[in-house]
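Chain lettering (A, B, C and D) follows the sequence in which the chains are written, and residue indices restart at 1 in each chain.
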């Protein structure tokens, strides 16, 4: 089915093209480690990451957004699928087929920032060592002096005082540590940065600092971000395009403003409705409260994985898995949804005054 | 649960095999084959050996055949209950072990009871009164207990006993009770004798238990479910024993199994020093005099005990802890 | 809120400043004593809760919001002490000063669970892992009510049904590790509501959960509150949750109240530079581009608290010679809307 | 996924703001040292151990006599009373002893040692005595202390059953007793890191096989195993060779627990983001192991090792005590205690139990140091 969307991201601008990405984890049990099931963490995911944009992967825990990002950078090897990476006009290369040495080179251009700034920095190394490590490994510096100069520049880039480069991470607060992690990610002048819940662990005031820093760096350095997050408001602020994931699949992908104001998948609608808004005026707005828990990727319901919680579900949803379909006309920015009734439902996004409460609206 | 026990039993098989291999290596370790040394031993004592006996021995243990055949023959015999013949005691090994093992067990069991009776309350007390004078005292005593080897404690104990009473024989029963049928009187007599060895054997274990219990409880006490229970109005005493103690004691329960062989082991040296009629002196003598069947059998039995103990403790743990019960 | 009740008045003669209050916390100071020094986690906090109202206490990590709730229930960690202040609570037809009670004494134990109950952040660890959830709910009921085991059991099942457990009769005999995240949350609410308390303290109950579960939780709290009519103190760092649920809000920073008032006042007309900074730090779920503006710097160390106004090190309105000199007083800027900032007065006697 | 806006932020910032530059640029080992120094008992124990090991190293110099030289007439002589006041009541700045006069009990024929108060034998530092070769290299006859009269015998801790100086023998015995633990642990350490590291790094089937083997080894009763293995050592082997085989025997059990710890830490650390980040940085396997993994658990491993040493010391003492370990003429604390088994001798000469005190003190000291190290080993645990 995904063939239909092949040119979806208006391909020519794509720096990373993910095609039919699959990552299954076996569930083993018993003494003989028989495989008794599969956790379908990522199940046939395709999308393009365009040069210079911020694409957000958003969803609840266990939806596969982090695994997807790990499979792109090959921190985990995907079970199937392709991840094409291309710089400028060069020929795209498939990261999933790469040997270790080539991957090492490719990873200079795709770097990662982690969620927990406490776990992601080696407490036993100074800033100089932490940030300088990639430079040394890739042979980018010739002398210790050059290293110091480069690290100082990087610290300045993330608005930290370069005189602190002999300090250890324990000398820094959570927000400052995240800046250090960003400096490390930028040390090799990458094209793409994957930010895996990079602001989730931070306090609100510090989170805002990091969000703005990431934006400034993107402008200054022309970076492309894959922004993995669960906070819809943060994503709304940071991303150009958003891909919503549920149970290992992308259920909706489109331009941020469009997706938030005119969602085309009931799950997106529910997420938007559930996100708490710091405005007491919206206190009494009608909300969609999903029943039950997020689908268990080790034991998915048949058909559309979302159907048990979906208020629009019909018999068809229990039987057939809906493909991701293009909804916008040619020439308009792409907006895709994986819902059988995407074009029929009128769903409420942000700013919607009324919420359809009638179950049979479809 | 049954499946769990079955699975655990299955896992024990390779371990058993390893133990038997080590046992066999021990038999093979001394120079020459054991029948020769056996014969040499008998001849030294002036016995005349019939060639038929030699041949039957050689055939029975497959001497001259490849090592794995010898091993197989020995293991088959062992499994069938034929533990061999003791040269030193001139008795079947089974009989010697049957005589001695019960007293070893008695001492170990008493130690076990003492270890728990002393260790758990003190550990709990220490944890609830953390950083108090009593806590420091018990911690220090605990350290001392762990640092002092049992046999040295036994030696010092024996010396003190001798200095105070002029008597250095301990035994498990008074001479007049030695052959009396077992009854309440004999049991009381046993109690009056066994406390010293049991205490000495249990010292290190008790000290260790105090430390574990204290640490476990200190780990549990700040956990949220305790705070929640407190926030529900649960009484302080119940707050201690219903929740954290119950959980802190789980790992301790699981140690019951392996504590037993450890105590048997500790009992070996203590019995040697105190001259108790347990399996220990037999083991030492058999080792020193290279009475290999006897020595190997004792080691094998201790090894199997350890395994059974571990199994028991795992089953116990699964019974007391629903989290483990759920996952097995 | 100008009533100053000195500590020595004690429990017996304490009385609530107003008849229509359920709880009145006056000038509460809770400090933590450790080898590294004293942490003034709560340093002079005053607020009231009326029966049936929902009060929000909000702030970033280290602001003392959780310590405030632990102080009310007297379940502070060992090294935490209430060094000053009163916690006046309407208990039957009398008023008790919870701050003066023995934390493990009869009165405190009777109040916990029965009068004031608490919901915690982590439902997984709120239940003992080796007891069924029913065991703990029934225990709570039987501590506070003279009922048989069977009656308590029926009450527990009823409460589980009320919080929306799918199969209460069976769920009651389950362990937490067998329940899904959403069900654990509900079980925990059932546990805290077992005795239908007059005051429910919810300490970050929605922090560790997914957004759809969070929505379920908020809806449950709203329903239960409408149903049982208890007062709720909602403690959270998420201003969105505050806006969705509460009537009034108190914003805290480094152990102090910086601003308090109705949610509408505080969110629409924030007065304190910290409140303003906080609100402008949050990305909004509104159509169109809405810029955010972070607060500069980071929260200072609790061991090296700034002098004067605790926020002056990060404040854009910092007035040298004023803000670092003295604690700003609480000033009422509108009906029930109070701010602790020199911008609104209180510096007359400062040179 | 969860928003762990937790107390760590507060605490770290506490460290950051309160401390001066010294703390901010303090490396792991400096932090470990500072935390260790706060543990008073551990520091005292470390000093005690330092003292013990210096004595062991300079045994020839510290011990006043030759450990094998016996004086029949002094068999089982008790310890001297070191005196400062002579029978006339005069105080002497230099301590002295009265020599023993041996008589026989007329009834039991037991030897009775009476101090001859007419003779005063002063003690001295750096006195001349039995000649020795320090470490087999430097010849000398100067001893740290002793009686100034080279022919007289100072009985500091009494004499043994054949009239050898017990203190001297304890000093010499410390060489074997204290080093056997170190060598054994070094060996366990090597095996443990190697096998545990392999198990943790390779995982999968290799890991499972190694884990089963370790479980089996741990299921074996330690002491009987040691006993059994040690009788396989021929009695006529030279001391050094026996020593090394005993070490190997003691290590058979020791390495398994180290291997488990290493493996456990390995797994835990591989989950840490900074290790994953290093791999994505392009760091080679070796670089990850040596720059990230090893430094991260080294301090912890060292703490564990310190706690393992006393087990080995105890093992040697126990084996030698029952006559299965080192044999005379080798001198170790266990061998010395072997002498103390006869209760009737012991009753009259309780000083023969004194090596016990040395065993207990050194084990206690190792335990305290290990405890202190363990507490200090992860200076980042509270952040």
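Going forward, a residue touches a chain if its C-beta (ideal position, glycine included) is under 8 Å from a C-beta of that chain, and two chains touch if they have at least 3 such contacts.
What you see is a predicted model, and the numbers here were worked out from it, not measured in a lab.
Quick one: which chains contact chain C and chain D both?
Common neighbours, chain C/chain D: A, B.
Could you see whether A-C or B-C has the larger number of C-beta contact pairs?
When B-C is set beside A-C, the one with more contacts is A-C.
Provide the C-alpha centroid distance between chain B and chain C, rounded to the nearest whole angstrom.
The separation of the two C-alpha centroids amounts to 55 Å.
Measuring centre to centre with CA averages, how many angstrom lie between chain A and chain C?
That pair's centroid distance is 34 Å.
Taking each chain's centre as the mean position of its Cα atoms, how many Å separate chain B from chain D?
27
Residues of chain D that contact two or more other chains, please.
Answer for chain D, listing residues that touch two or more other chains: 1-3, 5, 9, 13, 15-16.
Give me the residue numbers in chain A that touch at least two other chains, ranges are fine.
60-61, 173-174, 203, 230
Chain B: which residues touch two or more other chains?
Chain B, residues with two or more chain partners: 11.
Which residues of chain A touch chain C in their complex?
Per the stated touch rule, the residues are 60-61, 173-176, 203-209, 211-212, 230-234, 236-238, 257, 260-261, 270-283, 287-294, 349-351.
Going by the contact rule set out above, which residues of chain B touch chain D in the complex?
Residue list for chain B touching chain D: 11, 14-15, 18-19, 22, 26, 29-30, 143-144, 146-149, 151-152, 155-156, 158-159, 162-163, 168, 261, 264-265, 268-269, 272-273, 283-284, 287-288, 290, 295-296, 298-299, 302-303, 305-307, 310.
Tell me, which parts of chain C touch chain A in their complex?
Residues 60-61, 180-183, 210-216, 218-219, 237-245, 263-264, 267-268, 277-288, 290, 292-296, 298-299.
Across the complex, what residues on chain D touch chain A?
Against chain A, the touching part of chain D is residues 1-5, 8-9, 12-13, 15-16, 19, 23-28, 31, 272-274, 276-283, 287, 292, 295-296, 379-380, 383.
What residues of chain C sit close enough to touch chain B in their complex?
The contact residues of chain C facing chain B are 73, 75, 77, 104, 109-114, 117-118, 120, 122, 125-131, 136, 139-140, 143-144, 175, 177-178, 191-192, 194.
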